[in-house]
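Quick one: the structure is below, questions incoming.
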Amino acid sequence: MSQATIEKGINAFKEQIDAPVAAFFSSCVSCGMCAEACLFYTETGDPKYTPIHKLEPLRRVWEQEYTLTGKIKKLFGLTEAVTDRMLSEWQELLYDSCTMCARCSMVCPVGNDIAYMVRKAREGMVASGNAPEGVRMASTRAVRIGSPMGVKLTSLQAQIRHIEADTGLTIPIDVEGAEYMALLSSMEIMNFPEYIGGLAKIFAHAGISWTLCSTAFEATNSGIQIGSSDIARELVQRVVDGAERLKVRAVISPECGHAYTAIRWEGPNLVGRRFTFKVIHILELLDQLRASGRIRTEGLERECMTFHDPCSLVRKGGVIESPRNLMNMVTENFVELEEHGKWGWCCGGGGGVSSNEEAAGLRHKAFRRKKEQLEASGADALVTACANCRLVMEEGFEGYRVEMPILGLTELVADHLVTEEGSGEPPEKR
Amino acid sequence: MANSKTLGESLRRHGVTRRGFLKFCSATASLMALPPTMVPAIAAALERAKRPSVIWLSFQECTGCTESLTRSHAPTVESLIFDHVSLDYHHTLQVASGEAAEAAREAAMHENQGGYLLVVDGSIPLADPGYSTIAGISNVDMLRETAAGAAAIIAVGTCAAFGGLPKADPNPTGAVPVSEIIRDKPIVNVSGCPPIPVVITGVLAHFLTFGALPELDRYGRPMVFYGQSIHDRCYRRPFYDKGLFAETFDDEGARKGWCLYKMGCKGPMTYNACATAKWNNGTGWPVEAGHGCLGCSEPDFWDAGGFYNALSIPTSDVTGTVVTGAVAGAALGAAAALLNRGTQGEAREKHATVTVDDLEKGV
Amino acid sequence: MSEPMDFLLLVRGTGFDVALTIFVIGVVLRLFEIFSLGRGVNLAEPRGREFGPGMRTILTRNVPDPHTFRRQPLTVVIGYLFHIGLLISLLLFVPHIELFKETFGFGWPGLATPIVDAAAVITIIALLAALWHRASNPVMRRITRAEDWLVWLATFLPMLTGYLAYHRMVDPYPLILGLHLLSVELLLVLFPFTKLMHTFTLFIARWYNGAMNGYRGVQS
Amino acid sequence: MERLDTIPVVSASSPGSAVGVTGNVLPLLHEIRHALERLARDRDPTVIDLRAIPFAPGDEERLLSLLGRGEVSLVLSALGRSEIRESGYPGVWVVEHYNDAGERIALQIEVTDIPAIARSQVADIEESSTRLNDLLMNDNG
């Protein structure tokens, strides 16, 4: 068993620093605007949570290794080396108080993509053994068991049996040549199985062939959250292998933000080649089906509903319009949060924070931002498209004693599908 | 030779009436750039003023300063003052020559020991004193000897005041101004190349009138004449403020009398009275004639960049520096880039794949 | 007697040459340092383009998001006043334009000096406010390093000396003009090796941000 | 080749030149106005030396023509000629001193009831009294 060392950590920083990182650090004028974009700062008022400050170890390595001034400073001992102690101290800043929501990346006046750098900085934290225990455990379970929550195929199969019984629909597994291979997040399997039922209904309604994959049903990628490309690669590879084995046309990312960015945006770069299949988020797919008339809904939710944008889906994923189109399809009283879409506020549990027990207290404090935002909207119910956000917000509501139901957008759409079978036009193959 | 007659007596001997004297006093106040309220004080002082002995030494100079002074037109008020002054030695103007001239200088020095006024034009060569001698006496020796008994020294012209043209880079004669040799006497620098005639006479008038030197600026120049820059007193200043500039000597801006800054006018850094005293008996002055100020009353004006380069342009070849810098930067940059790529590549090579077994720190 | 003039000649000649050389070498070197680190090829199927969104972000980041502005208006207002004032003072003052013309072979029209003067006053006030803000705001205090103070000083001195020179508040004029040039030379020398470099690199940073987001179909 | 004096001299103060734009004439008129107020209120005279004013070509002419000419003109013959004349604004006098060669050596605006130099000097008055007395004494004798 090899060990994580500070040398490995610094080596990882050196590997990770690229031209954008160098440009970003060169440009920072310490204006502090990023703090105003970070819910961990706004809700605690503690300046140590200023996003750019979280990157000090990476910045220092960049300066010492990749700039003339830094090299000279190093030569004359004018700059402090990044030590294991420093990184231990920074664990709280790079993990507990950062969901990589990338809101700071949107406001930085000089254009620094801070979340991009946090993701890179975490590589060094992992290599030096400074990732928090909860996140490490999640990764270990994901690699060893196949799911960060330790959900095994047998648990999935058990849930499938329940769903099949409830809906009367078949949940296909390992169907070769299916058009779509759906991925799930463990949370959906364990906490929100209605999502799987919803999928089955929608695909049946639209007449689309789909399948789950017994070797790659888990969509979440703990490697991305902990910040290890090596672990992330291993997890993505399972999906790629499964998709290629089943020869599907596209892989559907479930209602989970980081799972989508992991497979859609990081995936090909992790495995080092372009995918032979497409990757699509379930909301994108639903919106496409809506636009092409292949799913038809009836009835509108009367309640005032709002939508929480999962950060990974909007800012980092680019799925912005689809949920709005879908919301308008099934609700008549949809109100936007004041800051929504790419300006949405994080639930506070992304980027591995929700699996990091040490961060629980901080996460609770930070959730106040979302809570107030939701309360200000006057909505009666909250819709979202991420199992993790949903769970985090449910916990948050409990903590703040807020009564507000949270729904998944996919299941909401599924609930409104036109029920008479076959009354719609025969779905056409696209 | 100096005698003890006062200026007042001297004027009356010339048949000047009281009204004439009053007129003379207001003209003198105007000449000294003093406010008209000073006229009674001037009258009282002039009434008592003693006739001083003046020794005028010319060193490394072009005689332009003397020319400027003697350009004084026919009998003016200034000339009245000079009539009153006992100019005991001036090798350009005096009749005596050779040993007789030197004897006159020595006689004046002895008779008025500690009381005569020494006027100097020209700079003094120190690289080799032999570069400039008078009657076999080097400039530096003559200056030291003559200055010893002077009440005050007036350094007329930029050469005497600041070294002037002889001191221009590379200063082959090692020229220095009076102030670098004489440090124990009051010195008034009347700079300019040449100085404005009325400024020379104005300073003399001040000395004569009040028996003391006027208030001086940091460069030892009389504040009344050098207190404000050409730029601040320039009648074209409003054009500068409005951003209207002549770009060439024959463009519309030049014809309309716009600001000459872009054509190299050194007015903003030049302190002199040209804009008000004017030249050629008040006819005009360089800027009024359409040419920028050369800055001739300032130290080292010869070396202050091209006469036709705007003041803000550095004296060196900026474009060349930028090009050279860019080339050198690219070479150094390429080296730095190689180093960076090396570091990055090495780090990537050293990468040890992280597995879930490697997440704990080594002990 | 002539030291201020000697000083002015030194800073207008050799001094400026040296500073400008270091500046140009430094900036080019820094750009090489940055770009040499490269950027991986993105193998994910793009949803949008890189170039256009990158360019758009270069522009859009000039304007703060309204909500963030409301949370920290002072930083934004001071930042605007300072930068606009500085650009007016630097680029639209005729003597400065003459220098650029000499350097690049072309110039542009300047503004009337009272306007530039007003801009300079605003810039100086904004800089003082920025200093106070940096010293008093907890976030800024936390992230401020020695370099930030140095950079502030290096920016403030040319403004101050320029103002004093223009108004002839220091005697003799060549001394203050020389100090103004010297302070600019200090700025030039420090520029490539401090965050003053953001003047150039912010365009690179913004472009990368916009491009990387644009690739994913997000206009950042 | 032409002789120098055959080349026509064109005055810089021709129309279209900088006349009036230097802004020195207007402030000067204001100064004169303030001086007049002081004179009326406190009997306090003022002298403005125009040599200290940075005039643009044509400014002086403009100022003098704006002031105009009043009822009184005096010519003084002492150390050359001097012209003292009241402007179109009573209380504002223009005093020009010339030397023997007819060159102007001073130009002043005096804001007063009568310029001091036009008054008979006290010493001269005493002297003339003595002289006249002497003359009469001699006649009697």
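Brief remarks follow.
The first chain written gets the first letter, and so on, giving A, B, C and D; residue counts start at 1 in each chain.
Assume contacts are C-beta pairs under 8 Å (C-beta built on N, C-alpha and C of every residue); 3 or more make two chains touch, one makes a residue touch a chain.
Molecules present, by chain and UniProt name: A = Heterodisulfide reductase; B = hydrogenase (acceptor); C = Nitrate reductase; D = Hydrogenase accessory protein HupE.
All values reported here derive from a predicted model rather than from experimental measurement.
Taking the mean of each chain's C-alpha atoms, the chain whose centre lies closest to the overall C-alpha mean is C.
Two chain pairs, B-C and A-B, are compared here, and B-C has more C-beta pairs in contact (counted per touch definition above).
Subunit C (Nitrate reductase) has its Cα centroid 38 Å from the Cα centroid of subunit B (hydrogenase (acceptor)).
Each chain gets a centre from the mean of its Cα atoms; for subunit C (Nitrate reductase) and subunit D, those two points are 57 Å apart. The mean-CA centres of subunit A (Heterodisulfide reductase) and subunit B (hydrogenase (acceptor)) are about 76 angstrom from one another, to the nearest whole unit. Note on chain placement: the centre of subunit B (hydrogenase (acceptor)) and the centre of subunit D lie 33 Å apart, centres being C-alpha means.
In subunit D, there is no position where the chain touches two or more neighbouring chains simultaneously.
Contact of a single residue of subunit B (hydrogenase (acceptor)) with at least two other chains is seen at positions 336, 340, 344. Within subunit A (Heterodisulfide reductase), residues 17, 66, 68 each touch two or more of the remaining chains. Pairs of chains meeting the touch criterion are A-B, A-C, B-C, B-D.
For subunit B (hydrogenase (acceptor)) in complex with subunit C (Nitrate reductase), the residues that touch the partner chain are 161-163, 177, 179-180, 189, 217-220, 229, 232, 240-243, 245, 261-262, 268-269, 271, 298-300, 303-305, 309-316, 318-319, 321-322, 324-326, 328-330, 332-334, 336-338, 340-341, 344.
Partner subunit D is touched in their complex by these residues of subunit B (hydrogenase (acceptor)): 16-20, 22-24, 26-27, 29-30, 33, 35-37, 39, 73-77, 233-238, 256-257, 275-277, 281-282, 284, 288. Chain contact summary for the complex, subunit C (Nitrate reductase) toward subunit B (hydrogenase (acceptor)): residues 1-2, 4-6, 8-9, 12-14, 16-17, 20-33, 35-38, 94-96, 98-99, 102-105, 109-114, 168, 171-174, 177, 181.
Residues 17-24, 26-33, 35-37, 41-42, 45, 47-48, 50, 52-53, 66-69, 105-113, 116, 264-269, 272-275, 278-279, 314-318, 320, 338-339, 342-343 of subunit A (Heterodisulfide reductase) are the ones touching subunit C (Nitrate reductase) in the complex.
Looking at the complex, you find that subunit A (Heterodisulfide reductase) touches subunit B (hydrogenase (acceptor)) at residues 1-5, 8, 11-12, 14-15, 17, 65-66, 68, 84, 126-131, 136, 139-140, 143-144, 226, 228, 230-231.
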